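So that you can tell them apart, the chains are marked A, B, C and D in the order they are listed, and the count of residues begins at 1 in each.
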Amino acid sequence: MIREHQLNKIILSIFLIIPLWAFVTDEPFTITLMTRATVFALAAVGLNIALGLGGLVSLGHAVFFGIGGYSMGILACHAQTYTPLMEWPMLVSGSKSMPLIWINAVIMSALAALLIGILSLRTSGVYFIMITLAFGQMFFFFSISWSAYGGEDGLSIYIRNEFPGLNTLVPIQYYALCLALLCTVLWINSRLINSPFGLALNAARQVPERVETVGLNPMRLKLAAFIISGAVTGLAGALFADLNRFVSPTMFSWQTSGEIMVFVIIGGVGRLFGPVVGALMFVALEHWLGGLSDFWHIYLGILLLGIVLFGRGGLIGMICGEARQHE
Amino acid sequence: MKLGTLALKSALISAVAALSSTAIADTKVGMITTLSGGGAGLGIDVRDGFMLAIKQSERSDIEVVIEDDQRKPDIAVQLADKMVQSEKVDVLTGIIWSNLAMAVVPSVTAQGKIYLSPNAGPSPLAGAGCHPNYFNVAWQNDSLHNAGGAYAQSEGYKNVFIMAPNYPAGTDALNGFKALYKGDVASEVYTKLGQTDYASEIAQIRASGADAVYFFLPGGMGISFLKQYSGSGVNIPVIGPAFSFDQGILQAVGAAALGVRNTSQWNKDIDTPTNQAFVSSFLAEYERLPSLYASQGFDTANLLLSALETASVSDNAGFRSALKAANFISVRGDFKFGSNNHPIHDVYIREVVKEGDVFTNKIIGKVLNDHGDPYAKDCKM
Amino acid sequence: MTFVLLAEQILNGVQFGIMLFLMAAGLTLIFGVMGLINLAHGSLYMIGAFAAAAVAGMTGSFIMALLAALIASAAAGALVELLVIRRLYNKDHLDQVLATFALILIFSEGTRWVFGSFPLFLDIPASLSGPMTLPGGIQYPLYRLVLIGAGLSVALGLGLMITKTRIGIQIRAGKNDREMIAALGINISGLYTLIFSLGAALAGLAGALVGAIQSVQVGMGEPVLILAFVVIVIGGIGSIKGALIGALLVGLTDTLGGIFLPELLKFVTDPSTATSIGSSLSSMAIYILMGAILIWRPTGLFGTKL
Amino acid sequence: MNDIVLATKGLTKRFGALTASENITLDLRAGEIHAIIGPNGAGKSTLIAQVCGSLKPDSGTVHFLGRDVTQKTTRSRVQAGLARSFQISALSMEDSVLQNALLGALGASRNPWRFFKPALEDPTLVEQAEHALERVGLSGHATQRTSELSHGQRRQLEVAIALTLYPKAFIMDEPMAGLGSEGSVQMTDFLDTLRKEAPILLVEHDMDAVFALADRISVLVYGKVIATGTVEEIRTNPHVRDAYLGEEA
């Protein structure tokens, strides 16, 4: 058995070695694939805060992913066409600056998470799963018919947005940027898990009545977790949009929510690096199985079933043993 | 039937493999199309039509790399990156859906690759967003709808009920219809994308007092509408673009489609030697009748082959002008490119008929002659 | 808007609702008794439709097609229950969601592998085709009236089964207390397999009935599945009565919303914008309805606290 | 009387036909241990739930420190100084013993909105938590996983969490259960000293402990208080003997 923190180091080194090797051997597409895995990992790390720490089974995280994506799409499209975003009450113009887009994505998705969270947290269990799904569908149908920003066609941004000092169109540079963000969020997440807030949230997931009897409000803790979770997934959405230089309502679809959840579960719910492993695995499978057969979804399905039925605690659980231990 | 397709598919795969291994491929083509999930039928037809032409050319210096986009824009973008970055293809083609084309085409043409569209023709790419590297071999999205409007006009309809899903292509479709139709619109209805039950729209049609119905409902939506419409007892004549009456799905609609008029730039009974050769060789190769999509795939490959006769892909400007010359015989008859690299062609009106056990289309007239598209004037190229 | 049109639209809403009920009934039964979220219910619906289309194509008989749909989906249901589902009862919802999501992938691509990528043909029998004139001069397709009748009889049958029969008693007992029912010596795993295939058969029946007026194609199950989930969540999970009322609510909201919202908006804005915005709102209407109901009653209309 | 810390007046709660609490009036005074005894199903847990706020009575009131808290949430009662230990342990089983105690300290600080610095590196919280563990005799188990504790140790941890809150009154639901005879004696001694800090409303089945500790005892049978009095009064009360003690004797 490998200790979990050792495994985490191995995983991290995979994220360094493969792209470097691809860079040296001039295989830019491998870097693009790794970027995709990194961005999915970030989205799933976001969901894991709600799911793993807060016990909130959200089947609507595509909402935040999509909001992040459209933050990028809308800002960049206005910058691209030199039209102001709004003229009233103040003149706001679009932007091609990644940091600005990220901040916007984080704020917008946090606001959405606040609203959705307040309403959804009134329910629990299956009802929570379903109400988050319903919010996802609302955003999905809205984005399809919102013709100002392309509707179902989506929005194409021809050139990747700018980050000071980098040429973001070079695959390895954009990858480095995404990886740096992922690592930062993972580091913050590891602090969060052991912080007073993480402690209280962890208890609120397991024994809400206990949290109540020490005078804390478990609902507010969960709401805060949901907001942080939404904000992180929103940031991932903005990165994903920039990776593809394109946003579309697919980002809001329930399949997207399902996939983000799949990343978390195959990696290991509540594990710091669970979502990272899950996303890497998924992208690899998509790539290899997709090349094997037109019917590769069958193999993917069988593999997922195997993990649920026989692998406890996801991939990390299988390698490190079941116990999920905090520091 | 199943076994047949399977065998064919493996034959095809080995053919491609053979092509790629025997010679140093001079030209590498990347095909991104929909081969799995809903809508896979269209992609399969485009691919089969395309590969048939490549096979008939007997050229061994062309390598075709085929990838499945699962009808997801982000996958399509990723595949385009792969084609450009690691496969280093010269030409891309294959995308079926407008939204996927919008995601992929601007980016690959900006990177200097040629893109040949075998199906989608969204208006932004025909107008202000046109590009010298982008050639549409199928149609601009409005084309068949323009023809629908022109046909309704010529038949003397005065009050038409028009209907499409609520998404950009749907809005374009209805506007395209209205462009050449001068009568009244009884009602303009936008349905949900992916809707399967049209009882309520049919009730509206019944109550509208319209003298004809024009609808654009691609894929399963059209099948559902037609089946329900024919059972409703409403007898107002129906017109639509070819998409809901295509060979692939017509069998699923069945008798409900009989007699319906639809607009298309191609049909299997266009009596030219090229077309008849195409229909019979497709039937022989794949044991099914070719569809509109197959014809477009076939034309796309032939356009590519014709350009390769005069220029090499490495000579970008030369190759582009060779493409633009469109020096090939299209299965649809006359074909040339407009100023925005979109087709100028005739559009026919067809009627659904039954030939033996098979439902198919028969051309009953020509609606538009040498029709281009209205966006060409916005294209600065 | 005339009375006749309004009446017809209400009938349409009811018919759509009844169709959703057929899906939702099985789903809610399975959840109520076994506590299982089954995302693959839509695949069973698809299997029913494909089996019906295949058999109708071979025999030309609609009755045979319906029978085939029932048998095929019940068999698929039983098989899946035995191989996969029964390992999920003691897992949390998260694992159930993922495992049944995996089943969707397997079923969809498997069906495509067997039947190909093109939609199949399934038509209503000649004796049921064409319109019928109802009192008040409403012309309404006969087949849709038959659908309403079929759905209502299933609702009635399920109601009777649960209140009057031995299996119903077992189902109600199992719902309240799994250990008790095991202690009573009832073969609980047999009961679960039975209920799961019953739910599957209902879904398959719905698929076949609806497939006759819609498109029989891969992926046809998922949109209906999501609507069926909306229905059972509105009605309260586990309640057949709730499923029926929820289904009618969703059916009517969806149908009438699509007509009235654009009309209403025309008072405020120009027709073209009204149509476009109205259609967007109406496609969101049922989700807004569901959100509102859950905020008002967090366990649905007839749900008991979990 | 000024020394009344907690008082219920006429508490009544019905579940359908069953009356779980019927017109219960009792109080808890400064410095005392007031034990509630009664057979299983007498309504002790229902009573506690109403006192702590997880259940709202159909009628009657709960006063704490002179204020009517009947309509207040559990949380605001806790914040006012009412601490509770659970009969069935409500602990974060995945976490360490210390982390559970830290949760109490965190609750007392009323500020869980610290997202960055590890809780284990906050000296105030840790000190408070360790102190509470030491008092119940769990110091040696601080780093153990809570799920590995015995049932008795879990009860001790329950009490420790209550201690971290520095409350003005304790509600303890069977703190002795599962402790074994030696543990019971220790816990009895400990509660004996604890009453000086804050009075304890004690629900307990261990009669030896109750008779050793209680200043007053109330006997609850079928949702009704049939007697309240000192240990001696209860021992000799014929109704109590008939209804309850007699069965065990």
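Here is the rule we go by: a contact is a pair of C-beta atoms (placed from the backbone, for glycine too) under 8 Å apart; a residue touches a chain by one contact, two chains touch by 3 or more.
Computed from a predicted structure; not experimentally measured.
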Ask   = Between chain A and chain C, which partner chains are common?
value = B
Query = Which chain has its C-alpha centre farthest away from the C-alpha centre of chain C?
reply = D
Task = Calculate how many whole Å lie between the centre of chain A and the centre of chain D, each centre taken as the average of the chain's C-alpha atoms.
result = 44
Message = Taking the mean of the CA coordinates per chain, how far is chain A from chain B in Å?
response = 36
Key: Intercentroid distance (Cα basis), chain D paired with chain C, Å   = 50
Inquiry  = If a residue has to touch 2 or more other chains to count, which residues of chain A qualify?
reply    = 141, 144-145, 147, 295-297
Query = So which stretches of chain D touch two or more other chains?
reply = none
Key: Residues of chain B touching at least two other chains   = 36-37, 40, 166, 171, 190, 192-193
Task = Could you tell me which shape the graph of touching chains takes: line, ring, star, complete or other?
result = other
Message = Dump the list of chain pairs that touch, please.
response = A-B, A-C, A-D, B-C
Remark   = In the complex, chain C touches chain A at residues 31, 37, 84, 87-88, 91, 93-95, 97-99, 101-106, 108-110, 112-113, 226, 229-230, 233, 237, 276, 279-280, 283-284, 287-288, 290-291, 294-295, 298-300, 303, 306
Query = Quick one: in the complex, what on chain B touches chain C?
reply = 1-2, 5, 36-38, 40-41, 44, 166, 171, 188-194, 196-197, 199-200, 203-204, 206-207, 219-221, 223-224, 227-228, 230-233, 248-249, 251-256
Message = With touch defined as at the start, can you tell me which chain C residues reach chain B in the complex?
response = 1-2, 4-5, 8-9, 12-13, 15-16, 19, 108-109, 112, 114-121, 123-124, 129-131, 139, 141, 143-144, 210, 212-220, 223-224, 255, 258-259, 271-272, 275-276, 279-280, 282-283
Request  = Write out the stretch or stretches of chain A touching chain C in their complex.
outcome  = 51, 57, 59, 119, 122-127, 129-131, 133-135, 137-138, 141-142, 144-147, 254, 258, 261-262, 265, 269, 295-298, 300-305, 308-309
Ask   = What residues of chain A sit close enough to touch chain B in their complex?
value = 27-30, 32-33, 36, 141, 144-145, 147, 150-154, 156, 158-159, 171, 240, 244-246, 248, 250-251, 290, 294-297
